[in-house]
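You will see chain A twice below: alongside chain B first, and alongside chain C after that.
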Partner chain A sequence: MGKNLGKTFLVFLSVLTLSFALHAKSDKDGHDDHHDGHDVNEFDAGATAFHHIADANVYSIGPWSIPLPCILYAPDKGWSIFSSSKFGVVGHHGDGHKAVDGYVLNGGSVNRIKPGQGFPDGEVELFSVEAFEKDAEAGHAMHPFHHKKIDGKEVSYFEYDHKEYLLDSKSTGDGGLFGGGITSYYDFSLTKNVVAMLLMTFFMIFIFIRVAKAYAARAGKAPKGLQGFIEPIFVFIQDEVAKPFLGHKWEKFLPFLMSLFFFILGLNLFGQIPFFGNANVTGNISVTVVLALFTFIVVNLNGNKNYWGHLFAMPGVPKWVLLILTPVELVGVLIKPLTLTLRLFANITAGHMVMVIFVGLIFVFGKSGQYAGLSYGTAVGSILLTMFMMAIELLVAFIQAFVFTILTASYIGAAVEEEHH
Partner chain B sequence: MMNNILFLSGFEVIKPDFGLFFWTVIAFGIFWFLMSRFAFGPIRDALKTREYDIQSALDESKLARQEMEKMNSENEKLLAEARAERAKILQEAKDTKNEIIKEAKEKAKQEAQKIVNAAQSEIENQKNEAMAAVKASAGNLALEIAEKVIRKELKSNPEQASFANTLANEIKLN
Partner chain C sequence: MTGAFVALGMGLAVIGAGIGLGSIGSKAMEAIARQPEAVGDIRSNMILMGALVEGAALIAIVMCFLVAG
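Coming up: the complex of A and B.
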């Protein structure tokens, strides 16, 4: 049995190595004119990693792209709701060959053609699929969307009917700090991350309701099966996180802490299932900020007199010191959820990026497939490194879920602590 | 450098996305609500009940064991007492037996002594009787002999014969 498994594993490894090396070869022209003005054969590992960890309006599993519902809102023209299959994805970069209602699919994400450029509404064929496939067969894939810098800002554009049309990215809430900001439309689509989150949510609910039913049906008996798998984790969070920090109030907050832990853990692990889209959900700041906001609300809604007293008028401190201390304490209240947000986001994103970059090494050292031998050689090392990283990421998935939960517990604990003087 | 900012411009995950924000609120809200209501709450309560049950079962068994130990020691005490009682009774019975045997022996001895004494006195009596009889018969024999002797002499001496006869008659009268 053990010997067979070892053999199967070796075969699996070599197939992986081969497929990556082949992919490197076929991608010779893959990313060429992504970056105008750069060396066309230069493989940009960073940009590739950014692309792979980002959210998308299609769910790609291997060569297949599963269309997802697009729910778009533009203040000047209202809601547009349709399936992303309407864009007609071609190739493996998630580019759509059609424009729908002034929207296009650029690298898996919906972009809006900047309004006021006179682009026609409705479904518009941007380029012909036949031409695209012919180009792909000839070895130099067509790239309908390009980037250029306008006022130091990177903007996507495409050519249609001998005219350049600029694209808008969806509105983001960073206020231009990270190159985003409010644009001409909002994207409320069921994106890859949303679908992954909903799948995980329903899967977890299904599992846990079964476990809860097992507890009801087998009351007073030893745990069995799924129940036996869940119980140690549950009891660990209950006894090591909830009880020490919350004292006799642990029962009230246990469901919230458990929800946080299992939601984060589930999504961390979901993103690590190989060949299943690797949705980087907990590595997206929009998700972690929501979780941290829930913590923030729970902490401050449950803060007692003691908590607010310590915040605004720390007992036993001279009045003039309060002038300095109170602002510091108030900033602390906001920094707590902020650190929660960034810690989880940074850890998970870093893990996903490292994985992509390790695989990207094959393209870097093989000069995007120009040197097949180097590609093959690097593939072996890179797969070993990736496997090592995956093992570590598995650990990180648990650690980050645990850390988020234990910090939340400590914040709630501080907010509900009774006076003890 | 401008390049750095451009580099970040591809870093989509750090830009808070309203759609994802909205859907995360919905998803986590559903997750929290349903899980608290149908999973975490009931599991927490079931675990608490079970923990309580196990603790009380342990406590009960401890109590029962203590009770049992107490009972055992009592039993032992009773047993020891019974044993002592038995030994005492046995000792008493032994003593009684010995006494009875001793008494019986004494009685038997006395009885035997009595019988022996009676036999001795009987023997003595009979011996005396026999002696008397022997004496009498010896006396008679001597008398007869003496008579015969005397008669013979008397034959030769009639005077003496008559005197002897008179004497003899006198004796018979006695």
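Coming up: the complex of A and C.
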């Protein structure tokens, strides 16, 4: 067994090494070409990592792209609903070679051409597929979309008919806090993350209905199969999280805690499957904000007299101290969901980025594939490191799901606790 | 210039979290060595405390990102 495992591991390692190193080599030929005297295709590990953790309007599995429905709304134009296959994705960067109704696909994500620049509506071909494929065959990766800084903000643009057109990014609800804000259009599309979330929801429903049926059919017998896999995890959360923190009210909150735990765990693990789209759902701050908001609502709806009493008028404290203490307590109420949000987001995002950067080391050390030997050498090391990180990330997937649940349980427990002296 | 301060701030936040997590870990190990039968309780409380310490560091790091803009 041990010997076989070692052999399998070696075969797996050499296949991965070869595939990455060959990829580096195929890029090399392209990267010899110089545009305007400087190497435009120089490998940027940071940008690559950010591209890989970002949400997208196409679901890419390996070299294939599965189109997803785009549902876009612009106040001055109304709704635009179409499939993202209309953009005609070319290459593996998720760039579309067509503009549809003033929208373009830039690095897998839909952007609107800033209104008022006179860009024609309807389907417009930005560049021909033949030219792109000819360039790709010559090893010259074509990048139709570029970035530049305008007033300190990164703006994407492209050239069409010898004219530059600026792109608008998606509207976000952060009010400019994370560099977003309300722009000229809203994206309600079924993005990669939404699809992953729906898949996971249906998968969870399927699993739990099957397990529930198994309990009904095999009443009084030892658990078997899938039931035997789910039961220890379920009982662990019930006995280690729900019962100690929630006291005799644990049954009321168990469904909420279980939903949180299995949803986060499922999506954490789903994001770890290599070459399968790598939907970074729990590493998306919008998702974790909503999860933390659920906790916030459940805690504050179930807070009893005791909880609110401790919040606004801590018993046994002089009146003048309350002037300082109450604001601190109120900030604490808001800090709790904030840290829940950031903890899950930062841990999962960091895990995904570290893996992309480890693989990116091959391209950094091999100077984008100019030195084949260095590429091969680094590939062995970086794949070993990546495998090690993946093992750690499996652990982190469980720990973060557990931590989110246990903190939620402790916040709810503090809110429903009866007065004791 | 801001970038250098941001990097410094991130480093300081991580040092703080590192000290906190280190002392939680060492005390938990001591406690487990003293009372191996309480390992389950100690472990879940250790993770809970670790998460709280980590939260403070994360807020600092996100503040750094916001300053860096």
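Everything below uses one rule, namely that the second predicted complex is superposed on the first by the 400 of 421 C-alpha atoms of A that agree within 3 Å, B and C clash if a C-alpha of one lies under 4 Å from a C-alpha of the other, contacts with A are read in each partner's own complex, and residues count from 1 in each chain.
Basically, a contact is a pair of C-beta atoms (placed from the backbone, for glycine too) under 8 Å apart; a residue touches a chain by one contact, two chains touch by 3 or more.
Bear in mind the structure is a predicted one, so any value in this text is a computation, not a measurement.
K.L.:
Just to be sure I read the superposition right, which of the two partners does A:Q238 touch: chain B = first, chain C = second, or both, or neither?
P.N.:
After superposing on A, A:Q238 lies in contact with chain B but is clear of chain C.
K.L.:
Tell me which touches more residues of chain A here: chain C or chain B.
P.N.:
More residues of chain A are touched by B.
K.L.:
According to the stated criteria, A:N193 is in contact with first (chain B), second (chain C), both, or neither; which is it?
P.N.:
Touch status of A:N193: first partner only.
K.L.:
Once the shared chain is lined up, is A:T339 touching chain B (first), chain C (second), both, or neither of them?
P.N.:
Only chain C is touched by A:T339; chain B is not.
K.L.:
Identify the partner contact of A:I406: answer first if only chain B is touched, second if only chain C is, both if each is, neither if none is.
P.N.:
A:I406 contacts chain C only, not chain B.
K.L.:
Scan A:G220 for contacts with chain B and chain C and give back first, second, both or neither.
P.N.:
first
K.L.:
Which partner does A:F50 contact after superposing on A: first (chain B), second (chain C), both, neither?
P.N.:
First partner only.
K.L.:
Figure out whether A:G228 sits in contact with chain B (first) or chain C (second), or with both, or with neither.
P.N.:
Neither: A:G228 stays clear of chain B and chain C.
K.L.:
Going by the contact rule set out at the top, does A:G173 touch chain B (first), chain C (second), both, or neither?
P.N.:
first
K.L.:
Could you list which residues of chain A make contact with chain B in one structure and with chain C in the other?
P.N.:
After superposing on chain A, chain A residues 152, 178-179 contact both chain B and chain C.
K.L.:
In the complex of these two chains, what residues of chain C are touching chain A?
P.N.:
Per the stated touch rule, the residues are 40, 44, 47-48, 51-52, 54-56, 58-59, 61-62, 66, 69.
K.L.:
Taking the touch rule as given, give the residues of chain A at its contact with chain C in the complex, in rising order.
P.N.:
Touching chain C from chain A are residues 152, 177-179, 240-241, 244, 335, 338-339, 342-343, 346, 399, 402-403, 406-407, 410.
K.L.:
Contact residues on chain A for chain B in the complex?
P.N.:
Residues 46-47, 50-51, 53-55, 71, 109, 149, 152-154, 170-174, 178-180, 186-191, 193-194, 197-198, 201, 204-205, 208-209, 211-212, 215-216, 219-220, 230-231, 234-235, 238, 251, 254-256, 258-259, 262-263, 280, 283-287, 289-291, 294, 345, 349.
K.L.:
Help me check something: in the complex, which residues belonging to chain B touch chain A?
P.N.:
Of all residues in chain B, those touching chain A are 2, 5-25, 27-28, 30-32, 34-36, 38-44, 46-50, 53.
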